[in-house]
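Report on one structure; see the data block that follows.
As written, the chain order gives the labels A, B, C and D, with residue 1 at the start of each chain.
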Amino acid sequence: MIVMKTDATKEQISRVVKELKKYGLRADVSKGAYRTVIGPIGDERKLPFDRIAVLPGVKEATMVDTPYKLISREYGKSFEGAEHLLIKVGDIVIGGDEPVFIAGPCAVENKAQLLRIAEGAKKAGAHILRGGIFKPRSSVHSFQGLGAGGREQAEEALEWLHDAGREFGLPTITEIRGESQVDLVAEYADILQIGARNMYDQDLLTQVARKGKPILFKRHFGAGIEEFLSFAEYISAEGNKDIILCERGLLPVGKGRSYTRYLLDLASVPVIQKETFLPIIVDPSHSTGRRDLIFNMSCAAIAAGASGLMIEAHYNPEEALVDGPQSVTLDELKDIIDACKKISKVVMSKKDKL
Amino acid sequence: MIVMKTDATKEQISRVVKELKKYGLRADVSKGAYRTVIGPIGDERKLPFDRIAVLPGVKEATMVDTPYKLISREYGKSFEGAEHLLIKVGDIVIGGDEPVFIAGPCAVENKAQLLRIAEGAKKAGAHILRGGIFKPRSSVHSFQGLGAGGREQAEEALEWLHDAGREFGLPTITEIRGESQVDLVAEYADILQIGARNMYDQDLLTQVARKGKPILFKRHFGAGIEEFLSFAEYISAEGNKDIILCERGLLPVGKGRSYTRYLLDLASVPVIQKETFLPIIVDPSHSTGRRDLIFNMSCAAIAAGASGLMIEAHYNPEEALVDGPQSVTLDELKDIIDACKKISKVVMSKKDKL
Amino acid sequence: MIVMKTDATKEQISRVVKELKKYGLRADVSKGAYRTVIGPIGDERKLPFDRIAVLPGVKEATMVDTPYKLISREYGKSFEGAEHLLIKVGDIVIGGDEPVFIAGPCAVENKAQLLRIAEGAKKAGAHILRGGIFKPRSSVHSFQGLGAGGREQAEEALEWLHDAGREFGLPTITEIRGESQVDLVAEYADILQIGARNMYDQDLLTQVARKGKPILFKRHFGAGIEEFLSFAEYISAEGNKDIILCERGLLPVGKGRSYTRYLLDLASVPVIQKETFLPIIVDPSHSTGRRDLIFNMSCAAIAAGASGLMIEAHYNPEEALVDGPQSVTLDELKDIIDACKKISKVVMSKKDKL
Amino acid sequence: MIVMKTDATKEQISRVVKELKKYGLRADVSKGAYRTVIGPIGDERKLPFDRIAVLPGVKEATMVDTPYKLISREYGKSFEGAEHLLIKVGDIVIGGDEPVFIAGPCAVENKAQLLRIAEGAKKAGAHILRGGIFKPRSSVHSFQGLGAGGREQAEEALEWLHDAGREFGLPTITEIRGESQVDLVAEYADILQIGARNMYDQDLLTQVARKGKPILFKRHFGAGIEEFLSFAEYISAEGNKDIILCERGLLPVGKGRSYTRYLLDLASVPVIQKETFLPIIVDPSHSTGRRDLIFNMSCAAIAAGASGLMIEAHYNPEEALVDGPQSVTLDELKDIIDACKKISKVVMSKKDKL
């Protein structure tokens, strides 16, 4: 990690980047409110830190031995002067003192559905509208989302989502499942989602990152925290730091009947907040797969310190094409958001002590 | 499950029990505020339910196909008329509308230590005093608790715990690790704990159950919920329904560094409340193994609906003989209890809706 | 599953395919030595099987309720008349009575390295040459293979691999990690590998499948067998049945030090052979991560019934750029292959009995 | 670890033991063919190794930093002069060059059953007779073995097992599930089994160890290798080194249908052989739970280097009271043993090279 002096010039920064290239490494240049920091991408052991430390404009040059240095709390503090970064999407701030709620249908079905849910979500207090168009599915025989119907149908669905969001003042988010979808989706959505099943797909991560839009990055159900953050680093290495991490459950442990779809790891929330400068939110819908558990697990996620929630909501969960059993109604969504806001205040008031 | 009429006589109940024995099954006779229910223990498929249903005093006789019928919500409702049972220990009620806090040192060290912690815990708002005397340890080379010093030393430690509890009006709890400790511990402690590592030890479960005292029963870190409840059924089958279930974390999932000792499964809390009439509490100390996570995970557990918490607390965590890194100070304990009470109110106010 | 009569005409087959489309389903048309079978792709519950069964040329039309019907043993038997399909790559047959050995370096480093290893592998008895060019890595800071150096360098490395294979009569295999690599790699390699980390990447699977070349498909370390086969079905649904499945280890279970990189699930070998008509091989190198375990685990895999092994081998494991600690020498490779052949004979001789 | 000189006297040994006690540690005194070694039990960091090293008769005194030092390969080598210890039960040697086969019914049912199976097992080539009397079961409603019928019935069943073994020259093994069964079982059985569910039950381990008989110690399905060996150390710490370790499968990994009961970890076999001087065998019956997999997984276990197998066998698996679906017939048992012997020879012939 190479910390530049506050008055370092453009040329001095370029000089350091060149030095890194000489040793076969790329450079992450993070210009913050506070100062510029340069993070080497590649094997740092090849770098002569002694030599770099005395280059003009350099304040400090040290080796950082973690697979996720470019998103580490120390790195963020160096260039931004703050332990946690705020991610802004329109007027919405993610990672601040108030929790952010993302809501919407699992899958986009038609324009009327989206408008009706967007309106309800807005009234319930949600901030961002979700809706799946390219659906990752475990079986080729299941409905794969409107995106499977070809480019035209995909684009139409993206327009519906975009329009519904604009109509009710809600920025939008939808998932990108494969490289060929990156350009199209990035044209329409405000936040680009990379789903749990694609967490390890480093080529996709790189390409989505390059779009420069905020990314919601979900933890794979078999990934340890270290691995999750190491793959988030692939995004950061493209110069995109607007990464919203998302916990959505791990493989169940133990034999016998599974009472929930996945095993929600809520301790990952405070752990990750201590490791990185990125915000982390929780998806209680996919993790539990059970509508009757969403209220309690939403409250628990906020109590654990999450910066927000992503909840599947529908005016009529029974008739949803995908994941109906885990969607809440719009009334339930309001109850959840109300309770979460109260809990957030209780937890936040003690934050400084801990 | 054989539900007796409200006016069923002793003789009619005995008659049913005899009938069960004839087919090689034992009987669990649960007399509640509402009525008496008889649960067959063994292979129900051998029973002639048609014949039993017409015995005098019998209201209903049906086969229940789950490995944990004697602790199931339906069973509890049948004899008690309520979906959840209250467990009373002195003046303390576990499973009611207010969360119960168990606190104390991981291991009992000496009388002064216990008195000091008991006083602090009481002031912080705790209701029950914990302290380990027979410590289960992964290594034979580690300190095994004062109980390892022989019967006399064990009894002395049990007296200290008992006395410290009485001095500050706190019922006490301590762990039983082996069959030879059952009689001794049951003489002194108000609640008998069976630890996670002993969850599968059915002979120990049976013997502890027979003491008739409330039991805190911890989930093993490799046990699915179905398995956990199936082993709680061993306790219930001895006629002891005062079982406080406790979630304390599962095996970590994923590769790489472990940031917490275990993986806390908070969704198990509402799930188990829907499956059984027993209360469930959470142990944030052993599950995380990290003092800096206890506040958030305690709040999250209560938000998930837990009936209480078991927290390791010490006036000076650094000098604790066992598990210092995960103990909170008595001041921190107070902060945790205060926040949890507020969160409990938020969550409880919505309870009926869900 | 729609089984056609042996004398069904092209037109009759087209008629059935059209019928499926009418209900929104795609069709997998498998013409075998035995007869033609048509597998519906999509939600079969929408199909009027009664009506389809009486269409001209149709022998039988039944619903198959498994997420992996197009690779199921029953399906294969219907069109090929055999329980297991043979996959041919040049003169090599995978899935027959003799085990097939794939060997080579983890990562391609230079032409000389490849030639030397290819020669040694051939002498040791290997049949196919492996070598990684696009390396999936957990850290963006690690060496990502020569493929990371741009298209020209990638193509050069692919040529080396191809040439080394041709020189010693070994078909070649290398991994495709992202969609943008599909066309290039398919030009050079005889078998296209999809790695464990990409198992869930359905868009990549679909595109690789369309190249029509044999595919080596690795199980993700967090995937159950059902999920593994459900994703293999994505490949099969593109009409490509030349799928070599590969077990390479699961997430470790239990706490404490990990003695191997992954947990090799050898029982998956006979299980999968009973579920599908596809051959399954084992990768003892990535699963154990330890050179000193390769001999025993290779023997065990063949004893479990595997159709082959993929082993990392190097003339000098210590100097390998990637995964040196788990590569065997070329002498060790010979010992392994010799022992495995003997064990295969012992196991095969009893095959009919079981 | 304190290695004594070959001519060290009894007094010199006692002197060292006393020194250890002074610092609050117990001593494991292992007198081998080669020399005497004293292993400290407890926290070695408290010991003044410098001082101990110069006591009369002491050759070497070093700290060993592993939770399983008393069963480590180094420790065994020090007192026995060999890397692996042989465990003798009658004429049978476990841990030598030839695999040992333990076979018999899951549960003892009656004397005729045992005699018939013992005769068949002997003819098939088995060396030791197994039969469960105290059965650990996940449900209190399942058959718990004849041991549940009271002491008299338990003793009768133990006699049957003993007699059947004597009649056909087979030493016997049966499981001890609780502390109250230790004395009784130790009177009759030649090898005492501690089952997977009791692996963590340190009080039981200690009491069984004190009987001085060989112990078969099974790995819990949630235990890492380090934990498994750490609990074996509890047995060793009682001076009993005749411990046969047994791998019987771990918790399944991944979602969806489970095709086997547990996940057999065969790599644990060579790993454990490198870590300890104890032999390790494999139980293919409980791990797979499927009769149609036993042949392949038995062969695989021996190929992995196991010192033997424990296989459930019955003349009529369909009518077995417990675990019928996983029992092989006596004919199948013969096929398995024959194939395993051949495979063992192939693997053993390369042993020195690796």
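Going forward, a residue touches a chain if its C-beta (ideal position, glycine included) is under 8 Å from a C-beta of that chain, and two chains touch if they have at least 3 such contacts.
Predicted model only: the values in this text are computed from it and were never measured.
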{"item": "Chain pair, B-C or A-C, that carries the greater number of C-beta contacts", "value": "A-C"}
{"item": "Per Cα centroids, the chain farthest from chain B", "value": "C"}
{"item": "Whole-Å gap between the CA centroids of chain C and chain D", "value": "38"}
{"item": "Geometric centre distance via CA averages, chain C-chain A, whole Å", "value": "33"}
{"item": "Rounded Å distance, chain B centre to chain C centre (Cα mean)", "value": "49"}
{"item": "In chain A, residues with contacts to at least two other chains", "value": "221-223, 227, 230, 251-255, 258"}
{"item": "Residues on chain C engaged by chain A in the complex (per definition of touch)", "value": "41-44, 67, 136-143, 177-181, 197-198, 200-204, 220-223, 227, 230-231, 233-234, 237, 251"}
{"item": "Complex contacts: residues of chain A adjacent to chain B", "value": "221-228, 230, 250-260, 263-271, 274-275, 287-288, 292-293, 295-297, 299-305, 335, 339, 342-343, 346-347, 350, 353-354"}
{"item": "Residue numbers on chain D that touch chain A, as the complex places them", "value": "221, 251-255, 258"}
